[in-house]
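Shared between the two complexes below is chain A, which has chain B as its partner in the first and chain C in the second.
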Partner chain A sequence: MKKYAFNEITTMQFIFIISGIAISYGFIEIPSVLYKKAGAGGWITLILGTLVTMAANLAIVQLMKKMPDGTILDLLAKYAGKWTARVAAVACTAYFLYFAYLGLVYSTRIIKARVLQETPGFLIVFMLLVPTYVIARSGIRIVGRYAELSMWLSVWIPFIFLLVWKHLHWLYLLPVLADGWRPVVAEVPSTFYYFLGFFSTAFLYPFLIKKEKAVLGVLCAHMITLLAYLFITILCFMFFSPHEMSTVNQLGIYMLKSVELPFLEQVEGLFIVLYLFIFSLSWIPTYYLTAFCLSWLTGRADHRPLMRILLAGTVVFSYFYLPGFNTVYRLSDWQAKVGMGFEYAAPVVLLGWVLLRDAIRNRGHRS
Partner chain B sequence: MRKAAGLLGAALLAIIPITGCYDRIDMEKASLSLVSGIDIDGQHRAVHYTSIPVFNKAASRKSLELKVVEETQRQGRGYFDAYTTGSFNSRKVKAVVVSKRFTQEIPDWFRYMDVFFRDGRNPITSRMLIFDGPLDQLFNFHSPGEPILPLMLMGMLESTSGRSESVKTTLQEFHRQMNEEGQTPALPEVAIDQDAKIKGTALLDHHGRYIDTLSTQETILMRILQKSAGQGINFSLRLPPELTGATNKEDWISIATERVKVRIDPSYKDGRFRFAVGVRISASVVEKLSSLDLDEFNRQAEVACAKQIRDKLTNLLDKLKQDKIDPVGFGIYARAYHHRAFEQVKQNWGEAFGRSDVQVRVSVSFADEGSVK
Partner chain C sequence: MGVLSLFGGRYKRGKNRNNGHSVAAAQADETLSGSLESDLDRLCELLAKPEDMNVRRLQIRATGEHAALIYIEGLVDAAEIHTNILKPLLLETEIGRQSPISIGRVEKAGNWSDTTSAILKGGSVLLVDGSREALVMGTQGWPQRDPTDPKMETSLRGAQQGFVETIQQNIALIRRYLPNRELTFKNLRVGRRGDTQVSIAYLADVANPDILQELTDRIGRLDVDLIINTGELAELIEDNPYSPFPQLLVTERPDAAVSHIAQGRFAVLVDRSPTVLVGPASFVSFFQNIDDYSTRWSIATFIRMLRFLAFFISIILPAFYIAVTSFNFELIPLKLLLTIGTFRGSVPFSPFIEAVFMELTLEMIREAGVRLPAPIGQTVGIVGGIVIGQAIVQAGLISNIMVIVVAFTAIASFILPNLDMVAAVRIIRFSLMIAAAMFGIFGLLVGLMILVGHMISLESLGTPFGSPFAPMRFSDWRDTLVRSPMWKLTRRPLSARVEQADRQGANRPKGDG
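Up next is the complex of A and B:
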C-alpha cells in the first residue's frame, strides 16, 4: 500500500529541500561564527562538520529504509506503539514550528534593518506569509518544485559576490592554524547548527520516487551546502581584517555594500530582496512539515485548515511581539542545543535500537 | 461568476500590503546630502557640515552648504532638517571630509563615523578625505570654474587615484584599516591653494591621528609597495653624468611602467622583523633628453634607473619608519608568516615597524625604447 502516492518528489527536489533549509540564513551567519570559534582555519572545521552531518543524515536514511512507505511517525507507531508516536509527533510539530518561526523572524529582521526600516514588522511577516500559504498548501510536491526553482534562481549569487574581488587580501588566510589543530577540531559541533533541517529526510523519504537514490541525494545536498558555506566563508576571511570579523554583523551583506556599480546603488538591498527565495526555504518547508505532523496527530488527511491557523496565528502574534536581533540569536542558541539532540543524536540512537530489535526478533524466528 | 468575484476580491486584498511602503520618499521632498564634513571649533566641539545640491532653477547657487554644532552625526540631522526644504537624508553621501585638526585633537575620532556603518541603509562606499585647514574654507569655497563641491571632490579623486597619485579610501576600506593591527590608515589630503587640489596622502596612526603627508610622487611609490598601483606609472629620473656625458639639465629620462611586480619576504630574527622587498619593473622609455645611445648602453641605463627608484623607495620607507606608521601593510605579511612574533607586538605595530629592517632591491628592464633612436 502506498499511502503517499500522487504526491511524490524527484531526487533533485529532495536534494534542494534539504540543502535549502540548511543554507538559508546560515549563509549570512556562518563566516563570523567559524572565525570566532576556530580562527582562520575555520573552513577546515566546516569540512569536518559536513562529514559528521553526512554520517548523521545517512543514519536517518538507513532508519527510513525499515519503513519505505511511511514517515518516521509511522515507523515509530509500528515499532514503539501508537502513543510513543504521538508524543514524537508533538515534539516534531513543536520543533518544526520553532524552526520555521525563527527563520521567518530572522528574515524579517534583516529586511527591516536594511531595506524597509520604517515599515512595521508584522506587515513584513504578513507579506512573506501570503506566498508561503500559496506554496505550502498544495503539498510536498509543490514545496519541492519551489525549492528547486529557488535554488536555480539563485545561481547568480556567487557571481555577484565576486564583485568584491579587488578588496580581497589573500594573506588574511594565513596562518591557517594559528593555535594548532585543537580549536579547529574541538569546534566542529558549533557548525552543526547551520546544517540543521536534514531531519526533514525522515518525512521526505516516503515521498521520494527513486528511494535507491536517497543516499546519493543526501550526499549531494550536504555537498551543495558545504560548497555554499565554503565559498562565503573563505571570501569573508579574505575581505575582512581579523579584528573586523568580530565587529561587523552579517558579514556577507556588509561585504556587498562595498560593491560599486555605475548603474545600481545599494547592491545589498537588491541582494536581500532576491535572496528571500533562499531565506524562504527555511520556513516554507518547515511550516509545511509542522502542518503535516499536526494533521498526522489529529488524523486528518487535509492539512490546509491547520496551515491557515498556523500562518494566521504567526501574523497575529507578530503584531503584538516581534523578537529583536539579540533575542533571535538567543533563540537560535536554544535551537542549536535542541537540534543537536533531535537531528544528530536521536536518529542514531533510534537506528541502533531498531536494528537491535530486528536482530533479536530474527534470532527468535530462526530458533 | 462567483469564482471571478473571488479572484477580484483576492486581487483587491493583495493591494493592501502595497500601501505598506512606509519607506517611500519622493525626490522632490528629499534633500540629499552629498558631502558630509566634520571639524572642531574653538570650544572643542564637533561641528558638522553638509553640502546639498539644489535642483531649483530660480536658485542662484547650485548647492547649499550648512553647518551645525552638535554632539553626533545623527543629532545634526535633525538640525539640518530645519534648514532644508526637503527631508534631510544622508543615504547618498559621496564624500566624507574630516579636517586635519579634528583628527589631531579628538582622540579616537573614528567613533563619529559609526552612524555610516551601523545604520544599514547608509552607504559605506563614500570616499573619505582629509582637509588641510578649517572646513569653513572648503565648504564656502566656490570656484567659478569648478562644478559643485561633491562633483569637484569626486572628480579630483578619480583622476588622481587613477594615476595612483592618491589613495582611494572608501569608508569600508578605512574601517578595515582602522581595524587592522598590521597596517595604518591613509587618506587622500585636500588643500586649497589658489584652487582646491589633492595635495597627496595623509598618513594616520593606529588611532586615526594625523602624522605626516606623502606627496603625490611618494604616494605612487607607496601604492607600488601596496600592490595597488595602476598601470602606466610615469617616472622621470636622472641618469648619472658619467654615462650621458651631458650637463645636469639634459640628463633626464622618463619611463612609463608596463608591469610592476612586488615581492615582500618577511623574516624574524633577534626580536626584529626584516622585510626583503623586491621590485621588478618593466617599462618603456617615453622621453630622453640626453644623446645617450640606448642600444649600446641599455643595461647601464636600466641599472641607473633602478638605482634611482631604489633610492626613492628607501627614502620613503625611512620616512615611514621614522614616523612609526605602516600604511603599506608590512604587518599583514608579518602576521601571516611569523604569527607568534607578531602577536607580541601587535598592540603597537607602528613602533615595531619603526624598529624593523627593510631592504629594497629594484630591477628595471626596458621593454620598448620608443619610436626614435
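Up next is the complex of A and C:
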C-alpha cells in the first residue's frame, strides 16, 4: 500500500528541505552564539555538534525504515496504538507550528528593523504568508521543489561575503583553545538549536523516491549546513575583533556594511531581502508539516482548508501581538530546550523501544 | 445493377453530439426513403434550401436511372465535379465492374444526418431514384491559402512555410519532415455545431502514453459550440487557466512543431486554424526558438541567456525603479541618486503614478500598432515616440529616467520569442509594480517569491512547468540557459517524460579516433 504515491520528493529535495530548515536564521545568529559560548574555538564545537546531529538524524532514519510507507505518526499508530499516535500528532502540530511561527516572526523582525521600519508588522507577516500559501498548498512535492530552487538561487551568498576579504585578520582566529577543551566540548548542546528541523525527516521519509539514499541524504544535508555555518563563523571570527564580537547583533548582516559595489550602495539591504528565499525555508516546510499533522489528526485527505485557517490565524494574531527581538530570543531559548528533547532524545528512545519490542516479539514467535 | 451498388464502404459518421440541439438533429437517424422526389423535398426542408446549394438533376446514361447531384457551390471544386462526376455519368454508355465516377474518396450514407453534414462540409451527394442510400463524394475545394512565410515567428534560416487553415495540409506539412511509421495522428472531433477536427500528432514509440491519455481525455470532455482558433482550445484544456503563464506552446511553424514532436511532445492540430498547440511545455521552452538550432551554438547560447536576462529586466525594472525612488533610496549609489533627483525634482507625480502612466501609454502604442493597417501603424510609432520621448519630458510631467526605464523594458520584452510569454510578462510587470509601490524592495521580492512559488507548482499536462530548474534536472540543462553543441544533445528532455530517451548517437567520437 502506498499512501503517498503521487507526492514524491527527490533525494536532492530531501537534502535541501532538511538543511534549509536548519540554515535559515542560524546562518545569521550562529557566529555570535559560538563566540560567546565557546570562544575562538567555536568552530570545533560546531563540527562536534554536527556529528551528534548526524547520529540523531540517522536514528530517525533507522526508525522510519520500520515503516517505509508511512510517517512517524503511522508508525506510532502501528506500534503504540491509535491514541498514542494522536497525542504525538498534537505534539508534532504544536512543535512545528511553534517552529514556523518563530521563524516567521524572526524574519519579520529583521525586515522591520532593517528595511521597512514604518510598515506595521502584521502587514509584513501577511505579505510573507502569501507565497507560503501558494507553495505549501500544493503539497510536499512543491515544497521540495521550492527548497531546491531557493538553495540554488542563493549560491551567490558565499561570493558576496568573500568581498570582505581584504578586511580579514587571520590572527583573530588564535588562540584556538584559549580556555582549553572544556568550553568547546561543553557547549556542543548549545549548537543543537541551529540544527533543529531535521525531525522533518520522520515526515519526509515516506515521500522520498529512493529510500535507500535516505542515509546519504541526511549526511549530505548536515554537511551542507555545517559548511554554511563554518563559512560564516570563521569569516565572522576573522572579520570582527573580539570586542566587536560580543557587542554587535546579527554579525553576518553587519559584516556586509563594509562591502562596496559600484552599482549598489547598501549591500546588506538587498541581502536581507534576497535572503528571504532562505529565511522562508524555516517556515514554509514547517507550516506545511503543521497542516499535514493536523490533517492526519482530523483524518482529512486535503490539508488546504487547515492551511488557510492556520495562515489566516497567524495574520490575525500578529495584528494584535507581534513579539519583539528580545521576546523572540527568549522564545527560541525555550524552543531549544523542547527541540532537544523532541528531535534528539525522543527518536533515539523510540528507536530503542521499537527495536526492543520487535526483538521480544520475534523471540516469542520463535519459542 | 445501380451505380451505388459498386461502392462498399459506408460514410463514416463523426461522433454525434447534436442530440437535441437543433431541429435537423431531431431526425438524426431518419433514413432515406428511396424515392428521389420525396428525398429531394426532405433534403431542401432540412437544409432550408440555401441559395448557394446546387441541385443538378440528371439521368445516368448507362443505366437510365434518374438521379440528382447536390453540393454547395463555394465549398467544392467545380472542375472536379464536371470532369469526374457529371461527365462520366452523362456520357458513359456502359458500366463495367467499376463505377464511372473517378473521385478518390467515395462513401455511402444511409441517413439524413450524415448526408446533410457531408454536403455542409463540401462533399457532393448523389441521390439515385430507387436507392435508399446516398453516395457521398469528397469534392472539397474551398478557397485556400498557400503555406507562406510565418508572420509572427519569423526565422532567419528556417523553412519559409507556415501552417495554413486546412488540417489536411497541416498534417501533410508535418509528415514531410517526419516520414516515419511511428508518427501517429489521433483524430478527435470537438464542437456541437462546429464539429471541428482536432488531431494529436506524436511519435508512438517515444511519447508518453499517460500524457496522450490525459490530452485525449481533456479534449474529449469538451462540450462547446465551436472552436474558432487554437487559442480557445488551449484555454479550455490547459492545467491552470488562472495562471499568467501560458502552459502550452502555440506555434505557426511546422519545423518547430516537428522538432517538439521529435523530442517526444505532442502537437495538437485544429482544423481551420493556422497554429498548432504543443505540449507538455515547460518554462524554458518559451525561450527557445527554431533559429537557435540553425545558428552556431555559441551565439545561440549567448542569445538564450540574453532572453532570460531580458525576461527578468522586463518584469522587474519598472518595479525596481518604483521601489528605489519611493522606498529604498539607500540601495543605489549616491551619484545615481542625485542624477535621478535632478530629473525627478520637477515631476509632480509619485514614481508609481509616473510608471503606471508610462507603461500604460506604451501598452496602448503597442496595441494600436498591432491592430492598425501598416501605413497608419507607422504614424502611431512617430506620434508615440514624440509624445513619450520629448514632449512629456519637456513639459515636466514625467522624468527622463522613467522614459529610459520604459524604453528599456519595452526593448527587453521585444526580444522574447514567444508572444504568449510576452503577454505574461506584461501582466506580471504591473502586479510587481503595485507590490513595489506598497512595500518597496521587500514587496518586489515577495512578488517574485509568489511568482516562483506559482511557477514551480504549475504543471503542463501533468508535467512540471518549472523543469529543469524545479525539479532540478541537470541533464536537461543542455538545452536551456545554454544551447549545447548539437552532438551533445543526445537525449530527449526529461520534461517530456518520454519512453525512449536516446535521440542520437555519438556524432563526434572522443579522442583522436
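Simple rule for what comes next: the second predicted complex is superposed on the first by the 367 of 367 C-alpha atoms of A that agree within 3 Å, B and C clash if a C-alpha of one lies under 4 Å from a C-alpha of the other, contacts with A are read in each partner's own complex, and residues count from 1 in each chain.
In this section, a contact is a pair of C-beta atoms (placed from the backbone, for glycine too) under 8 Å apart; a residue touches a chain by one contact, two chains touch by 3 or more.
These numbers were taken from a predicted model, which means no experiment stands behind them.
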Touching partner for A:G313 - first (chain B), second (chain C), both, neither: neither
A:A178 touches, of chain B and chain C: first, second, both or neither? first
Contacts of A:S138 with chain B and chain C, given as first, second, both or neither: second
First (chain B), second (chain C), both or neither touched by A:H169: first
Which superposed partner A:G341 touches (first chain B, second chain C, both, neither): neither
Partner chain(s) touched by A:I111 [first = chain B, second = chain C, both, neither]: second
Partner chain in contact with A:Q266 - chain B first, chain C second, else both or neither: both
Partner chain(s) touched by A:M127 [first = chain B, second = chain C, both, neither]: both
Contacts of A:P158 with chain B and chain C, given as first, second, both or neither: neither
Overlapping contact positions on chain A, where the chain C interface meets the chain B interface: 115-116, 119, 123, 127, 130, 265-266, 269
Parts of chain A lying in touch with chain B, wherever the complex brings them together: 113-120, 123, 126-127, 130, 167, 169, 171-172, 174-175, 178, 240-244, 247-248, 253-254, 257-260, 265-266, 269
Residue ranges of chain A in contact with chain C within the complex: 10, 12-13, 111, 115-116, 119, 123-124, 127-128, 130-131, 134-135, 138, 142, 144-146, 148-149, 152, 262-266, 269-270, 273-274, 276-277, 280
Of chain C, residues touching chain A in the complex: 327-328, 330-334, 337, 439-446, 449-450, 452-454, 456-457, 464, 466, 469-472
Residues of chain B touching chain A in the complex: 14, 17, 20-23, 92, 117, 120-121, 123-125, 170, 172-173, 175-177, 179-181, 332-333, 335-337, 339
